[in-house]
Amino acid sequence: MRVTVECYGASQRWCGAELVSLDLGETATVADALGRLAERYPELALRRDTVAVAIGDEIVAAGRTLAEDERIALIPPVSGG
Amino acid sequence: MRVTVECYGASQRWCGAELVSLDLGETATVADALGRLAERYPELALRRDTVAVAIGDEIVAAGRTLAEDERIALIPPVSGG
Amino acid sequence: MSASSRLRQGALNVAEWLAQPMPSHCGGLAVFAGTVRDVHEGRAVTGINYHAHTALAERRLAEIEAEAAQRFGAEVRVAHAVGELKVGEASVVIVVRAGHRAEAFAACRWSIDTLKQTVPIWKEERYADGAARFLDGTPIKTVKES
Amino acid sequence: MSASSRLRQGALNVAEWLAQPMPSHCGGLAVFAGTVRDVHEGRAVTGINYHAHTALAERRLAEIEAEAAQRFGAEVRVAHAVGELKVGEASVVIVVRAGHRAEAFAACRWSIDTLKQTVPIWKEERYADGAARFLDGTPIKTVKES
């Protein structure tokens, strides 16, 4: 199953790109996607506990199952204002 | 010695006028002027402790000596904002 | 009452007090405006006539700006209306420019709270039934005491 | 990004957010604006590029308005800029209309504090030496948690 990861804020620097493609097994979850990203990107791995994941206009739980071709967004610590 | 009292805010109502003229003895003080007003105006007498007196752009102490033809201002409790 | 004075005849225009650009070392702008409400203590209010002791009020408003600048390290502007105001119109405006939001909020709050206790201004409320009265207030204090 | 959205491309115009008249039952208007400062942690800043996750940010900004209205009984408007801002320009504006000043200040302060913790926006600072970096932030929370 293929999903696309949109990297926001500093996560663009950690992953070296604004968009990252992942090939995951069937029934993969948000946690699985984060695990794969952490394997590839050590800077993200260091900060994994501070990063949330959004789908559409919602923050989703780590156990959320992903669908084929879904887009997920990495939400690193925020600094608006 | 004659002094003119400018009545601000509710003190206009207590004294029934915006300007009040007082005839005081030589070496009269602010306290003497307030005492005379309190004798004349019972509503002011009731609130005497809440009223300040200004001369020019300064609040003056009760012991301040008055001069002939000086103008003093009654400053009742304030309610700006 | 000159254009540069802090007491103005008639309602204040809040936007006018924001026209000045933000100093480049400042990150926080806090503004408070007080406006005339349509009800007070259960009575229908049609307007407020603000009276001031002009000389002392101008001096006290300037003292509030200076004292707030010193206490909070902020740039503070204070203005108050005199005369007849209608419901919804602004009687007082406080504008604070500061390094960060904590000082901006603190200076703004301190300035309006202090103004209400130290500046010789009196509200004469006008009611829908035609009556008018001066509101009870608070005995005047000095700015340093606040 | 429509004109009615709470995220705006480019710097905000604070006065624009004050154009709406004051409701007649309200006596206190509190406004906060955050602007770009020329120095951060000792480095000379020339500007900030604000990035946002648009869909989630719009939702969170609306949630802040609704939650502040409920907590403080106030009318709250929140707006945030995205894109390149220069020193002195406004990145965020909070406008609160409330019955009295206590609620107005409390709702304004709560809204900006909550925005900083719950809205997916990121500052990328640009420095006089040509460098740029994303600032460290705070792990995102929900509005209800704030």
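The letters A, B, C and D name the chains in turn, as written, and every chain counts its residues from 1.
Convention: a residue touches a chain if its C-beta (ideal position, glycine included) is under 8 Å from a C-beta of that chain, and two chains touch if they have at least 3 such contacts.
Note that this is a predicted model, so its numbers are computed, not measured.
Counting only chains that touch, the fewest steps needed to get from subunit A to subunit C is 2. Taking each chain's centre as the average of its CA atoms, subunit C and subunit D sit 25 Å apart. If you average the CA atoms of subunit B and of subunit D, the two centres end up 50 Å from each other. Within subunit A, contacts with two or more other chains are made by no residue at all.
Annotation for subunit D: residues 34, 112 touch two or more other chains. Contact topology of the protein chains: linear, an open path with no closing contact.
Two chains count as a pair here when they touch; such pairs are A-D, B-C, C-D. The touching residues of subunit A, counted against subunit D in their complex, run 6, 8-10, 12-13, 49-52, 54, 56-59, 73, 75-81. Interface residues of subunit D, counted against subunit C in their complex, comprise 14-15, 18-19, 21-39, 87-90, 99, 101, 104-105, 108-109, 112. Of all the residues in subunit D, the ones that touch subunit A in their complex are 34, 50-53, 55-59, 80, 91-92, 112, 115-124, 134-140, 142.
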